[in-house]
Amino acid sequence: MKTKENLRETAYFSIFRVSAFIGIGILFLTLILLFVSGYSVIDFNFLTKNWQHRDITQGGILPAILGSFYLGFGVIAVSFPLGIGTAIFLTEYSKNNLLKRIIKLAIRNLSGVPSIVYGLFGLVIFVNLLSFGTSLLSAILTLSFMTIPWIITASVESFESVPQKFRESSLALGATHWQTTRKIVLPAAITGSITGGIIGIARALGETAPLIMVGATFYLSNLPSSPLDKFMALPYHTFILATQHSSPYANTYAAATALVLITLTFLLSSGAIFLRFHYRRKKDW
Amino acid sequence: MNSNSKALYFSENIPKWIFGFIATFTVAILLGIFVFLLISGLGTFKEIGIKEFLFGTDWNPNAFDTPAWGIFSLVVGTAMISLLALFIVVPFGLSIAIYLSEIASPKTQEILKPLVEMIASIPSVVLGFLGLLFLAPLIAKIFHLSNGLNALTASILVAIAALPTIASICEDALSSVSQRFREASLALGATQWATIKKIVIPAAKSGLIAGIMLGLGRVIGETMIVLMVAGNSRAFPHSLLDAVRPMTANIAIEIKEVVVGSFHWQSLFMIGFILFVITFFINFLADILIHKKSL
Amino acid sequence: MNKIIITTRKLNIWYNGLQALKNVDIELPENQITAFIGASGSGKSTLLRSLNRMLDIIPNAKVEGEILFMGENILSQDTDVVALRRKIGMVFQNPTPFPKSIFDNIAYGLEIQGIKKKYEGLWQIFNNKKNNFVEFEKSQHPIDIAVVKSLKEAALWEEVKDRLRQSAFRLSGGQQQRLCIARTLAVKPEILLLDEPCSELDPISTKKIEELLMLLRENYTIVIVTHNLHQAKRISDHVGFFHLGELIEFGKTKDIFENPCQKITRDYVTGNFG
């Protein structure tokens, strides 16, 4: 009987082990398929030239790369201060009452709302109500508000994990509340916040649905010179090439664009994972 | 001791006011999402009865003489893909979670867990594209279809997209079961698998269910994959090999063509509002389960 | 007869509506060690925390009455609480060094008063090699002077002088607690409040701290809350016995332990309850 049980255990465990490796395999399969489909057109020109939509083999995806970078920096500039600032208020300054708990709960759950809903929100507020039109600014604002709940939640968790006794000791030495927050709590919690922020940005850069609605374009002759201009972005570029372009090379170029995009998001995510790992090792409490 | 009170008052309160302002502004806008969606979509029910909207199976807003506004086909499209994706990803994700939490050596775990999480950084447009290029033709070949753009193809890809979520959260739930339980069970002579099946998994139950629910939320909200490979047919789907158009894809497809403020516009916002409510609610339930555990 | 440094008058404190301290009138003598003893929940820690306005950070605590320090009622609205806490320092039960180096822990109390470190930020990394304690002792920078002085006062200097830049978490529990005392001494308080400072330490560390407190008495007023009756007997000059929020008896240690006036005091100090 014992052998039978052992056999069953071995069988199950093998299934579990295989599942894990299939999972990882999917990751690598994605990279390999993309690479194989797109590597042939990636060269210096591809990355640095302007887009030629009449004959796509003559052009490069520089505008899309730049567009995504502008988007990324813009989202960081808006969502980090708003997100971390809100988290600081929630953990260090606000009273512990029902309203606060409801707000924390609501924000946590907002991070699970689909990106297309944020796109609709951006459409009605930024594009129409505030008349920013379909522009870089609208896209930055929309993606920022999509990322902010995630940043707030990660930051709140990080700040709350700083033990209360540090704050008490600091106050007992005659520090003000703000000095305590700034010199003791913030340094201890900031890495957790930043890690969450980086993951949020990586997500935002990979989003296409909101861009369909509030910003990106495929037909652009110049690089955007102001936030109110139209712009290109890597995910949207990939999407159009994959689904709506008639050139026989469209798929190859789509794969190449996707490769650049995935490199970006992977770099960011790896950075965040590394940061989190390194930080956990260093934490003294 | 009283002389510096005024300076103290300001140095203490200025940061408080600044952060308070930031927080109020941010939270107001976030909560405003709900409000704005509702307002933009509410006009729908002035012209269409709720029943007809939710349960009518004909969605044809651009029909020449009698436009139809029933979203039921769209809802079924969402449901089909979500359920099939869950059916695929839950056993898969749970297996990975069990492996990482209970079986893998610490070193293996350290390497594999981040790799599984990296799947989450594959943008869904990339998954959709690869699906279009490789999976759809494959499915078409296997089932002798003219193309592979249907619910099945979409579900497989959506399952991949949701895999990191489920694997990660379920792994956290299993890991946080106290080691003492495992030790006690093994000391009684139980095998590791029996321990996992009868002690660890039941103990982690609420976290596991929460993980599955968050996965559900994730699949319901997926837009790009379904936009690219689900087929986009407005007809009521009868099988998994039919082309479907889930609610998310419908919004993405039609929003570019509608007149701002028109009835069509409002109805799309109402669909968006419904999506918001459903996903928010699912997240809410999952959240309760997760936090109930840690009490 | 010693001069009185703190007086409370009709002090009443409530937590969440429940009264934790009832009508306490107490006079704490200067440059003496006063111990607050009593069972759990007797109010002794509550009284301690009211003396440096640490109850302010607890949202549901209500305080009524007067606490006079340096001739003024420190419970009034215009008291500069931040300056007060520099004059009345506190060490907690659980040793709490900051996640910083030993040096930076002590420097913190001075930094928040605006005194800048010699090497800030990146510079500090370059100067970390200089662990030479002789240089520190000779240094004229106010922070260096304060660090050396308070570490010596807390009897910790010899043990940490060649690793000032190391993380404070590497110290043992007893050393961490002495570090917290040194940190508090660096801001030059007049009174040192200690809330069961040895209850998490081993007997040897406890002994070291008790000896330290007795030396410090010369220059500081010390108030210590303790569960340990032997400790109270060993080191204190005066004792206040608390029970269910009331100050039952206050007097010279010898009197309280050998000749208490109240029966309940006698019961407690002879170990009949608590």
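For reference, chains read A, B and C in written order, and residue numbers begin at 1 within each chain.
Quick note on the criterion: contacts are C-beta pairs under 8 Å (C-beta built on N, C-alpha and C of every residue); 3 or more make two chains touch, one makes a residue touch a chain.
Everything numeric here is computed off the predicted structure, so don't read it as measured data.
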| item | value |
| --- | --- |
| Central chain of the complex, centres being mean CA coordinates | A |
| Chain pair whose interface holds the most contacting C-beta pairs | A-B |
| Farthest-lying chain, centroid of Cα atoms versus that of subunit B | C |
| Computed distance of Cα centres, subunit C from subunit A, in Å | 48 |
| Subunit A and subunit B, separation of their C-alpha mean positions in angstrom | 16 |
| Approximate Å spacing (C-alpha centroids) for the pair subunit B, subunit C | 53 |
| Junction residues of subunit C, two or more chains touched | 82-84 |
| Residues of subunit A touching at least two other chains | 176 |
| Interface hub residues of subunit B, defined as touching at least two other chains | 8 |
| Residue ranges of subunit B touching subunit A (in the complex, touch as defined) | 8, 11-12, 15-16, 18-20, 22-23, 25-27, 29-31, 33, 36-37, 40, 92, 95-96, 98-100, 103-104, 112, 114-130, 132-134, 160, 163, 167, 191-194, 214, 217-218, 220-224, 227-228, 248, 251-252, 255-256, 260, 268-269, 272, 275-276, 279-280, 282-284, 287 |
| Contact set on subunit A toward subunit B in their complex | 5-6, 8-9, 12-13, 15-17, 19-20, 22-24, 26-27, 30, 33-34, 37, 81-83, 85-86, 88-90, 92-94, 103, 105-118, 120-121, 123-125, 128, 145, 148-149, 152, 176-178, 181, 202-203, 205-209, 212-213, 235, 238-239, 242-243, 251, 254-255, 258, 261-262, 265-266, 268-270, 273, 277 |
| Residues of subunit A touching subunit C in the complex | 95-96, 165-176, 179, 183-184, 188, 283-285 |
| Complex contact set, residues of subunit C against subunit A | 52, 54, 57, 59, 82-86, 89-90, 92, 94, 96, 98-99, 108-109, 111-113, 167, 169, 180, 183-184, 187 |
